[in-house]
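Letters A, B and C mark the chains as written, and numbering starts fresh at 1 in each.
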Amino acid sequence: MTALLEVDGLNLKIRSEGSLLPVLHDVTLTVDRSEVVALVGETGSGKTITARTVMGLLPKSAVVESGRVTFDSTNMLDGKKASEAVKRIAMIFQNPMSSINPLFKVSRQMEDVLTWAKGSRALENSEKKAQIRKALEDARCYDNGRILDMYPFQLSGGMRQRVMIAMALLRTPELLIADEPTTALDVTTQREILNLLLELSRRERMSLILITHNLGIAHESSARTYVMYAGRVVEHGRTSEIFANPMHPYTEGLIESIPSLDRSRSMGSIQGEISQSDRETTACCFSSRCPYAIARCRSEEPKLKELMPGQSVACFVAEEKARN
Amino acid sequence: MIPRLQPERSKELRRQLRRLTYDPLTVLGLSILAVIVVLAVFAPFLTPYANQVGPYTDFSHAYLRPSLAHPFGTDNVGKDVYTQVIFGFRISLFVAIIVLVGSVPFGVVLGVAAGYYGGWVETIIQRVTDVFLALPALIFALVIAGILGPSLQDVIIALISIWWNWYARIMYTVTKSLKNQPYVEAARVQGAGSLRIMFREILPNATSTLAVKMTLDLGFIILIQSGMGFLGIGARPPTPDLGVIVASGTAYLGTAWWISLFPSLALSFLILSFNLIGNGVRDLFDVKVV
Amino acid sequence: MRFAEFVARRVLLAIVTLVGLSIIIFYLSRILPSNPGRLALGPFATAGQVAHYDHLLGIDRPLYIQYFLYVWNFLNGNWGLSLLSHHNVLSDVEYYFPGTFELITISIIATALIGVPLGVVAAAYRGRRTSALIRILWICGIAIPPFTIGIALQLMFGYFTNLLPITSQLSGPAPAHITGMYFVDSLLTANFPALVDSFKHLLLPEVALSLAGIGQIAQLTYAGMLDQTQEDYYLALKAFGAPSYPLNFRYALRTAMVPVLTVLGLLYASLIANAFLVEIVFAWGGLSQYAVAAMQNNDFNVIVATVLVIGVFYVTLNSLIDIGLGYIDPRIRLGEAK
C-alpha cells in the first residue's frame, strides 16, 4: 500500500541577498493513511518549512533544488497539479492568538474557509451552516451558536485553537498538519487539544502530522517520529523505540531535556543553537554541538542508515555503537 | 511600541550611530544638514553681503536677476537674497533648537510624573495637554504669538508652550505602560525611590522614541515657524526669517520670482534633511512614533 | 466598558477640553495685551475714545465676569463686532467658513481616493524600487511647506504659463447659494459653467494642500499592507485556500485600514492649519484669510471667535475619530476579553 504522503530527498534553498542559503537538505519522510506521525525538532530545524512545502505555501524566495513531494500520487511541487490535491490537506498553526484574523466574525471566516475548500456553488446556505456547526461540534466547541457570532479576540486561546481545528475539519482533510498546535497554550488546554486531535484522527481516519519541539508530546501521540536538525532528518522510526533507545545524540539530548516530575536526575540541556553554518556544512550538521563527536563527524556527512529494524539514524557514532 | 529593556551602553550607541550611515537617504539628509549648519554658523564669513542684514536698503540694486554677483538675485529693497537666506537659516535653526530645549525636559518630566503618580497629578496634566492640543499647532502658535507681540521671542515662547504637551503625552503613555513591568516592580521591591525609578528604569526605554521625535520635530518646528513668518506673525521684516522673505516676494511673483523661490527651496531642503535623518533614526531603532 | 459609556466619556472629554480652550484663549486675549483699547484704536485715538472702547469691550469689568458674559453672548450668537468688517463676527464666519470647509473636505477625499489605492497597488508590486518611490513621495510631501508648493504651482501654471487661475475661488458669477461652497452648489444646481470655473480654481490649492497627505497615506497603506502579509493569520488563511483577491482586498486591507483611517481623520483635522497658508497664497477668501487678517490687526473678537470655531471643529473631529475607531475595531467596541 502506497503511503499517503511521500517526501523524497527534498532539497530546499532560500534566495537571500544574492546567494542561495540551504534550508532543507535531503529530507525524506512518509505518512501512511490514518497514521499519526511526529516531526520533532527545535526552532530552525526545518520542520515548519517542510510542512509548508507540502501545502505549497513557500515564500517567493524559496527554490526547490531537487526532490519529490507526492500526496496520493499527485506531485505537490507542481502548483497547478497540486491545487486540487492540496484541498484534501489542512494545516493548523501554532499561535491561535494571531493565526486568526481578529476583525472578522468566526461565522464569516468559517463560511469563507468552507467556500474556498468546497466551492461557492457546491452547497446551499443551510447546508453550509449545518456543516459549520458540525465542524465546531467535532472540534468540541459547544455552544457554537454563540461562538459563531463572536469575534476571535473574544475567545480564549484554547477556544481559538478549537475554532482553527474546526476550520480545518471543514476541508474534510485526509491529512492534517498541526504545527506546534499546543505550544502557545497552558498545560491543561494542551492536553485537551492533543486528545482532540488524536480522537479526530482516529474517528475520521485522518492522517496527522504533529510538528513539535517536545519529544514528550510526540511520545504520547504518534506511531512514528522523525527527528529533524538543521534542515535534515537525523533519526526516524517507531516512536516507542526511539524513546526507549535513542540512537542519535541529538535525540538523546531531547529526551533528557523533557521536564519530568518522577525522575530524580536533573534536567539536561543541549548547549548552543542551530546556526547557518550547521545548515550549510558538508559534514554532520550536529557536530558543532555534539558531545560525542569524533573526527569523522566534522569532515563527512553521515547518511540515514537503518541500524535497527524500523529505525534509521544518520550518525557515525551510532554506527560505531551498532557495530559493537 | 515596547522599547528595549536595557539602557544602551555608549559603545552600543556608537555602533548604532555608525549603522545610520548605511542608509543612503539618511546620509543625504545628514549631508544637507551639515552644509546648512556650516553655512549658518559661519554666515558672516561666508556671505558676501553680510552687512545687509537688518534694516538696509539700496534701491539701485533692487530686483536684480540671479547672477554671479547675486546667485539668488536681489529683493525688493536691494538686499542680496542669498545672504538673507543664509542668515535665515540661522534663525530657523536657532528657533528650532531653543524650542526643543525649552519644551522637551519640561514635557518629559511632567509626562512621566503624570503616568507614574496617577491621581490628580495625572488628571490635571492630562486636561492641560488636552487643551493645548485642542488646536493644530500652527493656529495655536499664531494666536499666542499674535497676542504676545510681533517678535521672534514671542514666537519661541508660543511654540514652547505648545510643544511640551506632545512630549508630556508621549512620556505619559510610555510611563503608564511600563509602570507595571516586572523590572519596575523589582526595583520598587529593592527599595528604589520613585524618582530613581522614573529616571533610571522608565525614562531610558523611551530614548529611541524621543530621539526620533526630536529629530523630526526640528523640521516640524521650522515648518510651523516659517509658516508664521510667512503670515506675518512673529518675525517681521527686516528680520531675514525665511518665511518672511518668501512673503515679501509674493507680490512680485510674476516679475521677480527669485525672491520667493529660493528661500522656499532653502526651507524645503532644511526640513527635508531633518525628515530624512529622523526616518533613518526611526528605522534604526525600528520605533513606531506616535 | 460598553459602547454607550465609551461615547459618553469621549463627549464629556471633548466638552471639558473646549471649555478649557475657551478660557485660555479668552484670558490670553484679555490679559496679555497691556491695553487692548489702545492697541485696537492706534496711537492717534484720544484717551476718551480709548476709554469708551474699553467700556464697549467690557474691559472695565472683572475678568471672570467678562468671560461668562462672552460665553453667554457667544452661545446666543453675539460674537462681537469685527474691527475690520464692522459686522457681527458670526455672520462673517458664516460667510467665510464654507470656502475653507470646501477646501479641506475635498482635500481629504482626494487624499483618501488617491493615497490608498496608490499604497495598495504599490504593495502588489512590492520591491525595492516601489518602496523607495513611495518613501520619497512621502518624505518630500511632508518636508515641503504648503506655501512653497503653492507658490511653485502659481509660478508654473500662472506666471510661466497661463493654464490655470491662481487666486480666489471664482472668476465668473457664483452659483445659487445653498451651502456657500461653490463647487458643491454648482453641482447641486447643475450650473455647468460655474462648476468648471470653481473646479479650475480648486485644482492648484488642492494640490498644494493635499500633497503631503497623499504621500503619508500612500506610505501608510503600503507599509500596512506589507505588514499584513507577514502576519500569522495571512499565512493561515492562505493555508485554508484563500485566493489572492479576498485575502488581500478583504482581510488584509480591512485590517490594515484601521491605522490608515485614524491618520486620515487626524489629517482632516490638521488640514485646517495648512489651509491657513494655502488660503493666503491663493487669496482663497476663506476663514483662514479672515483669521489671519484679524491676527495681523489685533481684531480680538475675530481672533477669539474664529479660534473657538476651529477648536470646536478640531475637537469634534478628533472625538468622532475616536468614537469611529471604537466602532470599527470591535475590540474596542465590545471591550477586550481576556
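Simple rule for what comes next: a contact is a pair of C-beta atoms (placed from the backbone, for glycine too) under 8 Å apart; a residue touches a chain by one contact, two chains touch by 3 or more.
Small disclaimer: the values here were computed from a predicted structure and weren't measured.
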{"item": "Chain contact graph, described as a line, ring, star, complete graph or other shape", "value": "line"}
{"item": "Top-ranked pair of chains - ranking by C-beta pairs in contact", "value": "B-C"}
{"item": "Length of the line joining the C-alpha centres of chain A and chain C, rounded to whole Å", "value": "54"}
{"item": "Distance between chain centroids, defined by C-alpha means - chain B, chain C (Å)", "value": "22"}
{"item": "In chain A, residues with contacts to at least two other chains", "value": "none"}
{"item": "Shared-contact residues (touching 2 or more other chains) in chain B", "value": "none"}
{"item": "Of chain C, residues touching chain B in the complex", "value": "13, 16-18, 20-21, 24-25, 28-29, 32-33, 135, 139-140, 142-148, 151-152, 154-155, 158-159, 269-270, 272-274, 276-277, 280-281, 292, 295-296, 298, 303, 307, 310-311, 314-315"}
{"item": "Of chain B, residues touching chain C in the complex", "value": "25, 127-128, 130-131, 134-139, 142-144, 146-148, 219, 223, 226-227, 230-233, 243, 246, 250, 253-254, 257, 260-261, 264-265, 267-268, 271-272, 274-276, 279"}
{"item": "Sites on chain A touched by chain C in the complex", "value": "55, 57, 86-87, 90-93, 95, 98-104, 112-113, 116-117, 151, 153-156, 164, 167-168, 171"}
{"item": "Contact footprint of chain A on chain C as seen in their complex", "value": "231-233, 235-243, 246, 251, 254-255, 258, 329-331, 334, 336-338"}
